[in-house]
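In the two assemblies presented below, chain A is common to both, partnered first by chain B and then by chain C.
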Partner chain A sequence: MSAPTEIRVRVAEAEAVTPAIKRLKLVPLTSTPLPDFSGGAHTVVHYTDGPRHVRNPYSLMGSPFDPSAYQISVLRVPDSRGGSALIHDGVHEGTEITITSPINLFPIDRRARRHILIAGGIGITPFMAMTAQLDREGADFQLHYAMRDRASGAYWKLLKSIYGHRVHTYFDDTNETLALTRLLDGQPLGTHLYVCGPAGMIDWVLKTAREAGWPEENVHFERFAAPPPGKPFQVALARSKRTIDVAPRESVLEAIEAAGIEPQFLCRGGACGQCETAVLEADGTLHHNDHYLSDDEKASGKKMMICVSRFEGARLVLDL
Partner chain B sequence: MTAAMISRPVYPGLSPDQYAKTHLILCEGEGAAAVLDMAAKAPKEFFSRALILFCPAGTGYEPKLAALSPKSLWVLPTIATAMFRLRGVLATATMGTRVYAAGTEPFIGSVLQETLAVGIDHKSVFTEHRGSAKRRVQCVHCKGCTDDVTASPFTCTHCGLTLFVRDHYSRRLGAFQGVCVDAEVPGEVPPVEELYR
Partner chain C sequence: MGLMFKDETYRGDFTFYNSPEAIRHFPFPFHEDKYMYAVNIEPHTPGPKGSAYEFPIDIDEHYVSDMRDRALVLQEDPLRCQSLPHMITAEWDLVELLMTSMSDAYPEHFTLKRNGDAWHWINRPMGIENEFTFGDTSTLPYPPMEYITRQCQGDFCLLDQRDGDLWMDSGMVTSQADWSLDFDIGMSFKEWHAPVPLAHEIGVFDRALKFLLAMQIGRPVRRLNWTMTINPRLDTSPENYHKWGTDRTTVTPENVGDKVHLRVELQALWRLPRSNAIVFSIRGYLIKMRELVTIPKWGRRMPRVLKTLPPELAAYKGLTRYQDMTIDWLAKYDDGAPTSPGCFPD
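The block that comes next holds the complex of A and B.
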């Protein structure tokens, strides 16, 4: 009951868009259609291959108006725990995987007079669905898409061919940079800004917008955050009366799931608040890695987001 | 009253936005005093980037507002004329403009309605309630809005029904809800209470 709805799907197409980015088209196994979604939504992909295991969130990049299939694009992250690598190596046309019903933590604000979308690298994926939606709705939008170079950028040619001058590209290798301060200057009141990309880029956009006098309600972002590694620790679960080891490259949520307990989650990236867990005892330091709790809440030490946050110390007891 | 208070809007008070390039300030009646109070906290050059739209509503704050030396000061006789001017300003305003609204609830509600229409979230508008507690109420039966409601029940100025003022507020309309009190037995009306003076 506590877990989001799971859906079994089959990979109908698997395409290497670039050497590091793989696009998957997912279709349902039964005649039940896939749930509707809106631009900016993501799904959590769950796949096990022997000892290898992945349970990561990925943005839905297909058109929200195509109910027959979902599409995701996965960047192979080197030196990682290997979830993305498993999708690259182990998932092919015909593979059956489990996904969760979509959830949108990065929706379009329909009241906006204009939408400015800023993507960096793989951060383009939610905007693929958003542009399809905005275009269909006749909204005023423009996309600014920064990439390392022409070869590693996944979708700039496709996007330019569909949306023409509404798509602006920037390539690091030829020193093209987005003149953000100038872009933000003079935009009509009621313009909304959306950013998805590397952490440094998101921070830069948020800071620049704030200093240009943009209210925070007009600035939207999504961080592709993953649970950061750390030192191993133990966690005691008060309700299930069990003690669980959390490995250096494992989150509390993943360790608990591996023990057969299914806490609630939606984003697995410290953004949605769904996995909030009460801390009953903490003799040591909580490392809050989420973007959900307020600073006061973090300082109180009374709760933690178990999908990304860690602990260092003698004893941690959670209300689970 | 408490349970229904949930949908009552909150007005956190005016404070200067240090980053805004233009300050679009709307005030009505005693709301001007909130602007003068904010001036005490604002940096020196603040009002050189401020546009003030003021409805005096019988008060004499105009000279004091003028003394702040705003970039522009428009004095407008009614909420309707102020909103007409606001619409004109919003049509060409750019991002980096911070909107402030101070005055009675119907006034603030009207401002929030206009700003929402151009895609501004109500939380981005800095608001402060000053002056009378009068309300703008929409009749749920004929959909007509009555301004300056100070008592409940009251008579709808559009359809004449006797309306009880509920604490349910619609941000889109900038109005509270008014529901017929004597629908069961016409003419059976509870005593009028002066609530929103």
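The block that comes next holds the complex of A and C.
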């Protein structure tokens, strides 16, 4: 399998929802409608600005029942590697970009009798599509949405206006906190929990649910890691017989793509497992930043998720 | 012009046969003179005109008789069609996939008109016409999966994706090679593949599952599987083993050419958009040894494959009892000449 199917789209609307969040409405360039998708799906946006290529995953937040356009939200991350800022600043109404066909790594469990959705900050985006789908299918759901403050929180007024009492908001600046232990207590059998937000919040929800005795298969999360920057290093590619430099603010995957090689990927955030690559030689330390490999696999030093993980040392040889 | 649908049986007097066009249409599965399991998955893209791969959903001269046999199976055993309640969205996804594929490929036989959720379906070979509301089960005479799979050749399973696994939670299975939906329903990918020998040990299912979990919308894939069946019988289910199991004892050197059939499954998989489920279709094809050898390349290759088949596989496929007799019958069609690579006739 090669990289995902790409679709050219045009930005039909670009709205500053908050100072840091831009909502983009994407429409196809041809009369072919965009593929239908399911709540929780994401697309990878490929934006080119001169020599710079940015490929970032974004949850699809429009209604899954409207194939005429996709909607995504781009958060401008101040200390990012510049990718989100590039898209945030460079993409306007009329800009043409490339996206991948939707992939869902955060699907609804349709066996659930109740769905509890917990969002933190920009983690609201997959739930925008999920709530639309759950509402249309007549499912029992409630959304708990934590934000820093009323001004920086996106879409909460809209969500409240559509779903009313099923939406609960929590604002840090007025010390409103989600009473998670109480929320998880006494839920009926068959309730499923979904969480998307900052890493600390996901960890907290997972830990609280585990301690409350929730079965693992009833707890779902979406955790995309941004590729963390680090020291530069070189990687030798055994099959293509090339040596590639990986810059401090670049991932191995990006460096390899820049050299014209197209490894498989779906999420670019260390979650889906598609870019798993065999490490043939590693004289040094692998920094595993993914959520995919097991601890044993990480310790073995034989595999690496090239979208987020890095290397420090004398020599790294990959089976690519 | 359209297909000419034959009137034939898969039970009783077994009048099923393939026309010369249907023989050339047959998806012969052996690309070389031997066989071993592999993750032989390839993109389900259009193949040569006239082949079983020409269209995403293949309808052939056996269509009407296939559908009649399915109706008979369901009449005797309604549990061949089952769907767990959470699969209803996937059922509708399947309705869309099959109706659009069939009407695009065979417009002279099938027509689909869509106006938002108001759909109008015409199936001329079966004399069926329905106007219904997409998404509203009460507007169809059967539940959505049952409705459309009573009108489409091949068995269909809908696989739910959750917890990093696939689950057999829905299906229409009336023409199976000795497996049971009623037994497998609700099982995970490795659970329902558990009986397969050898393949687990070489990691086939780990790789296949990882591949399938990452399947994308609009990128269907396919693979071939095969076995052999005595008499042209579509329903070789465990439920009816008492009816067909003894067929294996009826093969004689004189009747091999007519009784022994190569049974090939063209298995195609699609990611479904709204449900994120996967549809796994198993489209079975039967060909008599006498028909198979009319393609000289296949006549040479078939005995070579059977001779080199690992005994575990022969036992799993249930052909041990008549394997040698079939090899002997086929021997006269193998002149020892080399065969060209690939599956298609020369």
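A few remarks follow.
Going forward, the second predicted complex is superposed on the first by the 315 of 320 C-alpha atoms of A that agree within 3 Å, B and C clash if a C-alpha of one lies under 4 Å from a C-alpha of the other, contacts with A are read in each partner's own complex, and residues count from 1 in each chain.
We take it that a residue touches a chain if its C-beta (ideal position, glycine included) is under 8 Å from a C-beta of that chain, and two chains touch if they have at least 3 such contacts.
Computed from a predicted structure; not experimentally measured.
Per the definitions stated earlier, placing chain B and chain C onto a shared chain A by superposition produces a clash between them.
Contact with chain B, but none with chain C, is seen for A:Pro188 once the two complexes are overlaid on the shared chain. Within the superposed three-chain model, A:Asp319 lies out of touch with both chain B and chain C [touch as defined at top].
Contacts of A:Asp66 after superposition on the shared chain: neither chain B nor chain C is touched.
In the superposed model, A:Ala212 lies in contact with chain B only, and not with chain C. When both complexes are overlaid on chain A, the residue A:Asp49 reaches neither chain B nor chain C. Using the contact criterion defined above for the overlaid structures, shared-chain residue A:Ala41 touches chain C, although it does not reach chain B. By the document's definition of touching, both partners, chain B and chain C, reach A:Arg111.
Of the two partner chains placed by superposition, A:Glu262 touches none, neither chain B nor chain C. Residue overlap on chain A between the chain B contacts of one complex and the chain C contacts of the other covers 109, 111, 217.
Only residues 84, 86-87, 89, 160-163, 210-211, 214, 216-219, 273-276 of chain C touch chain A when the two sit together in their complex.
On the side of chain A, the complex with chain C involves touching residues 1, 4-5, 35-38, 40-41, 64-65, 101-104, 107-111, 133, 137, 217, 266, 272-274. If you check the complex, the residues on chain A that touch chain B are 109, 111-113, 184-192, 210-218.
Of all residues in chain B, only 17, 19-21, 90, 93-98, 116, 118-121, 123-124 touch chain A in the complex they form.
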